[in-house]
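First chain written, first letter: the chains are A, B, C and D, and each begins at residue 1.
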Amino acid sequence: MMVQDLPAARPPRRAQWRKLARGNGGVAALIALLVFNALVTPNFLQLQTLFVNISQVATIAIVAMGMTLVIATGGIDLSVGAVMALAGALAPLIFQSALGTAYPGLGVAAAIVLPLLAAVACGLFNGVMVAVLRVQPIIATLILFISGRGIAQVLTNGNLQTFKNPAFSYLGTGKILGLPFQGWLALAIAVALFWVVTRTLFGRYVLAIGGNERAAHLAGGPVRRVKIGVYVICAALAGLAGLIVVAINSASDAARNGNLMELDAIAAAVVGGALLQGGRAPVFGAILGALIIQLVKYTLLANGVEDEVALIAKAAIILAAVYVQQTRKE
Amino acid sequence: MNADALDLRRYVAHSPQSAAVWLALAALVGFGLLRYENFGSAYNLTSFLNYNSMFIVISVGMCFVILTGGIDLSVGSVAAFTSVVAAYLSPYGIQVALPGAVLTGVGFGALNAFSIIVLRIPPFIATLAAMLAAKGGALVISGAQTISVDWTSNFTRMGMESAWNLLPWSIVIVAAVVLVLWIVIERTSLGRTVLAIGGSEDASVLMGLKVARAKAFVYMLSGGCAGIAGVILASGFGAGQPLEGIGWELSAIASVVVGGTLLTGGLGSVPATVAGALLLGLVFNILNFENGRGTISISAYWQMVIRGGFLFAVILFQARVTARRPGAGRPG
Amino acid sequence: AAQSLPPLEQKERYKVGFAQMESNNPWRIAETKSFQDTAASCGWDLIATDAAGSAAKQVADVDSMIAQGIDVLFLPPREEKPLIPAVKKARAAGIPTFLVDRSVDPDAAKPGEDYVAFLGSDFIDQGRRVAEWVIENFDGDKGIIVELEGTTGSSPANDRKQGFDERIVQDDRFEIVASQTGDFARDLGRQVMETLLQAHPDVNIVYAHNDEMAIGAIQALELAGRSPGEDVLVVSIDGTRDALQAIIDGKMGVTVESSPFFGPLGCEVMKRYAAGEEIEPWVQVKDRIFTAENAADHIDEAY
Amino acid sequence: MTGVEKAFNGATALAGASLEILPGEVHALIGQNGAGKSTLIKILTGVYRRDAGQVLFRGAPARIAGPREAQEAGIATIYQELNLVPLRSVTENMIMGYEPKRLGVFIDWREAHRRAREILMRFGIDIDVRAPLGSYSTAIQQLVAIARAVSLDARLVIMDEPTSSLDASEIEVLFGVVRGLRAAGVSVLYVSHFLDELFAICDRVTTMRDGRTVDCRPIAGATKLDLIGAMLGRDTAEIAADGMTEFGGGAARQGEILLRAEGVATGPRLSRLDLTLHRGEIVGLGGLLGSGRTEAARALFGEDPVTAGAIRLKDAPSAPATPAQAIARGIGFLSEDRKAEGIVPGMSVRENLTLALLPRLARNGQVDRARERALVQRFIDALGIKTADMEQPIRELSGGNQQKVLLARWLAIEPEVLILDEPTRGVDVGAKREIQAIIRDFVGQGHGVVLISSEFEELVEGADRIVVLNEGRTVTELANPGITEDRLVRALAHDRRVTA
């Protein structure tokens, strides 16, 4: 026989350590940012700072996690911002409708469920374009990127919809243990997605498809369904993020809700360790990436750095974070 | 599609995706001519070409990047940045401003190339960062103002006057650039290396091709093309505009893909990219004319929906045409 | 120099172009709607385009209107300089142009020569009036100001900043501790305010370049446990319904009107021009000022 | 080259390898899968940087920083993993980097096509050189790679398993070319697992084991057993006692019909497949390159839609329409293209091994990890897969071990029918024997195997019957005992055209 001195199979803990190590670059960047802020930024070490940052980062984090799944299959989703706008536009339409005002409880429930269903429909569209019609993801999702926001504006006639609805606003302003509700929501989603990616059939197929789609298909993997699935999940999460934005503001602005979110989400996913060619789905990495992007934004704003200079600094930090990521991997 | 490009039958057989865009373009032009008076007027033609020359040149630069399997998200911001540079240089005339702005664009391209080739950062992220940096930089160097050009030098001729009273200078220059680039891709080693990299970068390295050089070239080219667009922007609109260029990268990518180029690289066409850019530009023009007919007024929101729908239709059409190719569905 | 302008014949119906610059905020949407609503009563066949925030596209839109042979052009120029070619091309095509709500660089194109007139308010003055109101009505010893700017580089942002800043420095009770862009948007206004409030907890005046950001700032203040209107004075510009409501609720101090309803004014000025009247180069709009005294009276006409 | 060392992420691939090639000799390099042959070559051509050691080329220390420099120095290489660009035309793949020019800048396509055609003619291939390379079979692609390397005017031509996807006649052509090179004073470094080939063309042979050079001798006077002994590090007598191949001997015990294809067509490349597979039997698919064997396999597996004819599985009326269905009905398919259709490179050995079995490992959508690990360990032990542990990414395994993992992937689903397309391609003698033993063992349990192999010996010895394909049609069927290589060759070649 060839080789007999096989080492006893090591527990798979090693794989988890390896995954953690990959995230190291991001962790280092985050710690550097925290230390810098603690030293420089006034009043940084306060609970309220934590509160503000968590409430602002939650939407990016939620969308970035969905994006991470899409990227893990080798795809990309540019339509997340538009989906946010669409879902966000629907919610007030629903709870402010005649039925919604007549039955407020039902109205709020419907105003959460129906927009999410609309988002799911968008994801279905993206997924079918990519998986069934084999359109390249950037282009497939560009369609909704362009027209999704338009649909939202058509629905609202372009008007800003403002409202007062404490029950609905809980999504964006509620607190649990003194921290924002949406932060807990993001955490719960992360835990759920982490479980999906590491423990389930679906997660395994996601990674296999990103790693080698042909091989996954020939091994009997449901390639189409899984691909559609990730776009649906991503869109649903984007829809949820859209609802949160609307809830915080007590206003839905279809023109601005989720504007440029796709770039932030992709940047967060990649800074968090996602590989654009697929095959890797670091869910907590996405949260880490979102935190880094959020903290950069916060740092620059709080220290009075001008917007235009802030853009340049943000560029440099994204590059640095991804570069560190890159070297750790090799 | 090399020397045989002119053999139409072969062309259609070998690149059905590209054929689709020409068909769609012809159909849309025909539709416009039949439905709207003045659509075919010289005024509309020249102003349409003048405006879209920017998108054409950017799309062709993008096409090269995409052929290597990369992407360049920075083109819009770089165009805005270089328009400011061109505006500052405009008193010295176009002979200084054009090279100056193009070199600036090439500089951004070199920066992208450095991050991608040396730092090994994925193109999507590297150029995303460059996009932010160029945008911020444009605002910084302009003091967040539009910068007036010098109307007394010959600078504005490029964007506002016609060559031989026929076609705007902008489109003439862009056409020349496109032609040269077409020859580069079809007839030079550099061009073929670009295609090979997109086909398989590993294989290209092992074949001993100058991969790094070709990759650096495409990003610098794309930056340079954005620089040309920046000059057209400054000279055609009389100002350096730090806020312009938002979303141009996506239009350019869409043009390239509608032109049948694979986003994964290795397969694509320069002229079809031009057709793609014209096609997407034409949608705006048609929508404006449709609004002018007065029968229905298409609101800005409906226009977005229609544009997305149109892109959807073109993609579906393309997918159908491509599906008929023998052996489709099998990778390779 | 009116004789050098293209004349406009008097007729039943006019083919009118309105080249809107963008539709991403309530103000612009109200403006477009105002033109559309005026069209029927004024005998316009209106061609409305939308440049989606791009000055270059706005020029191209004007071009396509010229190609379609419009009689009159109403143009809110996105930028001062880049729209000059559009103005000149319309002039060359014999189309009288009225600039709406923003103007172009007076060094390059002049009212009465290149275009008929500018209809609009004075953004610098709007900022100045807010500053004056603050100086008059602020009763503390030290005014710590956070300024929420509009879209970086846009002319209303630049002008409203200039007008306010120049006036407020003349009173040394006041200090602007932070000035950051909120992009004219409610959500960003809120986020920026949340952050700035952490860095500058002693702030007691917020000046926002438009009402949307002001509302966002009010939300941020409330989320942080402050009470806007009592310990923090919020002031801004526009006069939207939400802002008037906030004034009524005591959360906001003042908003200087910047009316988007240019349709009727446009109709009137155009009719006068067609009748051969000489039009003043700047048809200035009287911006009202809304405070606790009059907000309730005007809230129904706000958008 | 002396004392070359190389480690990947701490895992040693080379630990003191040396190699000496004389001018004008054909030098063989052999060793088991993972011995370090390809790594050594990649160090020689500058793809990898060596950790230690020295490389002299033509007497001087070689300064080879990369493949480009290697080519310029006169080293042309055909790498093991086909490294061509499938989307580009055959011509481009041949001349890339050495394009004929007009005016020094512009590629002269007419001349380029002519040149490409001419070079390929020397290999007896007459194809449309303007068509994308990817539209041709692996064999044609392999020949193009060889043609490219040979046409580069090199002093040393390196061939890493050039014959792994060639059939007998192409191999003869290749040998002719190699002899021509030798006659012209060009050295050839030849890597192959087919020991017979070495005796046909090589002058000397270097053997590697576990990253070390263990033996170097002239081929004249050596026996096959000597070489195998050196490769495996075992006593020759011991090996002789074990026998050379695991195939053959297992007398066909024909049982009920498992799979039957009647007049199956999927397109121009497969127009009529007739085949019957019984329990306990190995049916070989014979054919020359492009005869449609792979297409036949894909049709049976439900990957290509059947346009005519019928496929029956144990008398179930309908054929599987997708691979997933095929798997559910107990069919496995090992693709010939390990890289593109087999491994998921970034995933671990464990994840690769259980990919086809996943649905059965899952309960309520959740993977049962304990069961998974136990199963994987069982296969690693049973098949002797050489891997650091089951969490190692599969891309870090040598080709032969990757192949074993893929075989295990299919065995794990406990299929009744296995379709194996070139299962021992690129696999060393030791591993090949093991794989053949596994296959034999599998049919011994009453299952059936459809075996595609370009290696006649394997087909003749392994198959109970051979269905011969020609241009997409079943032309004849041979039955064992009684098949000889000679008979097979005659059956294959009776109507042979290479032109597309």
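Brief remarks on what is shown
By our rule, contacts are C-beta pairs under 8 Å (C-beta built on N, C-alpha and C of every residue); 3 or more make two chains touch, one makes a residue touch a chain.
Per UniProt, the chains are A, B = ABC transporter permease; D = ATP-binding cassette domain-containing protein.
It should be emphasised that the depicted structure is a prediction, and the values quoted were computed from it without experimental measurement.
Contact with chain A (ABC transporter permease) and chain B (ABC transporter permease) alike is made by C, D.
Counting hops only between chains that touch, chain B (ABC transporter permease) reaches chain C in a minimum of 1. Across A-D and A-C, the chain pair carrying more C-beta contacts is A-D.
The chain with its C-alpha centre at the largest distance from the centre of chain A (ABC transporter permease) is D. A separation of 44 Å divides the Cα centre of chain B (ABC transporter permease) from that of chain D. If you average the Cα atoms of chain C and of chain D, the two centres end up 72 Å apart.
Distance from the chain A (ABC transporter permease) centre to the chain C centre is 35 Å, each centre being the mean of its Cα atoms. Annotation for chain B (ABC transporter permease): residues 139, 144, 262, 299-301, 303, 331 touch two or more other chains.
Each of the following residues of chain A (ABC transporter permease) touches two or more other chains: 153, 158, 214, 307-308. For chain C, residues that reach two or more other chains under the stated contact definition are 23, 152. Chain pairs recorded as touching, per the definition above, are A-B, A-C, A-D, B-C, B-D. Within the complex, the chain D residues that touch chain B (ABC transporter permease) are 47, 66-68, 70-72, 77, 79, 83-89, 92, 96-97, 99, 101, 105-107, 109-110, 130, 134-135, 148, 268, 340. Residues 2-4, 183, 186-189, 192-193, 195-196, 198-200, 202-210, 262, 266-267, 326-327, 331-332 of chain B (ABC transporter permease) touch chain D in their complex. Interface of chain C with chain B (ABC transporter permease) (complex): residues 15, 20, 23, 32, 36, 45-50, 52-57, 59-61, 63-70, 79-85, 93, 105, 107-108, 151-154, 158. Within the complex, the chain C residues that touch chain A (ABC transporter permease) are 23-26, 29, 149, 152, 178, 180-181, 185-188, 190-192, 194-196, 198-201, 212, 215-216, 219, 223-224, 242.
Only residues 1-3, 6-7, 9-10, 12, 14-15, 18, 199-202, 204-205, 207-208, 211-212, 214-222, 279-280 of chain A (ABC transporter permease) touch chain D when the two sit together in their complex.
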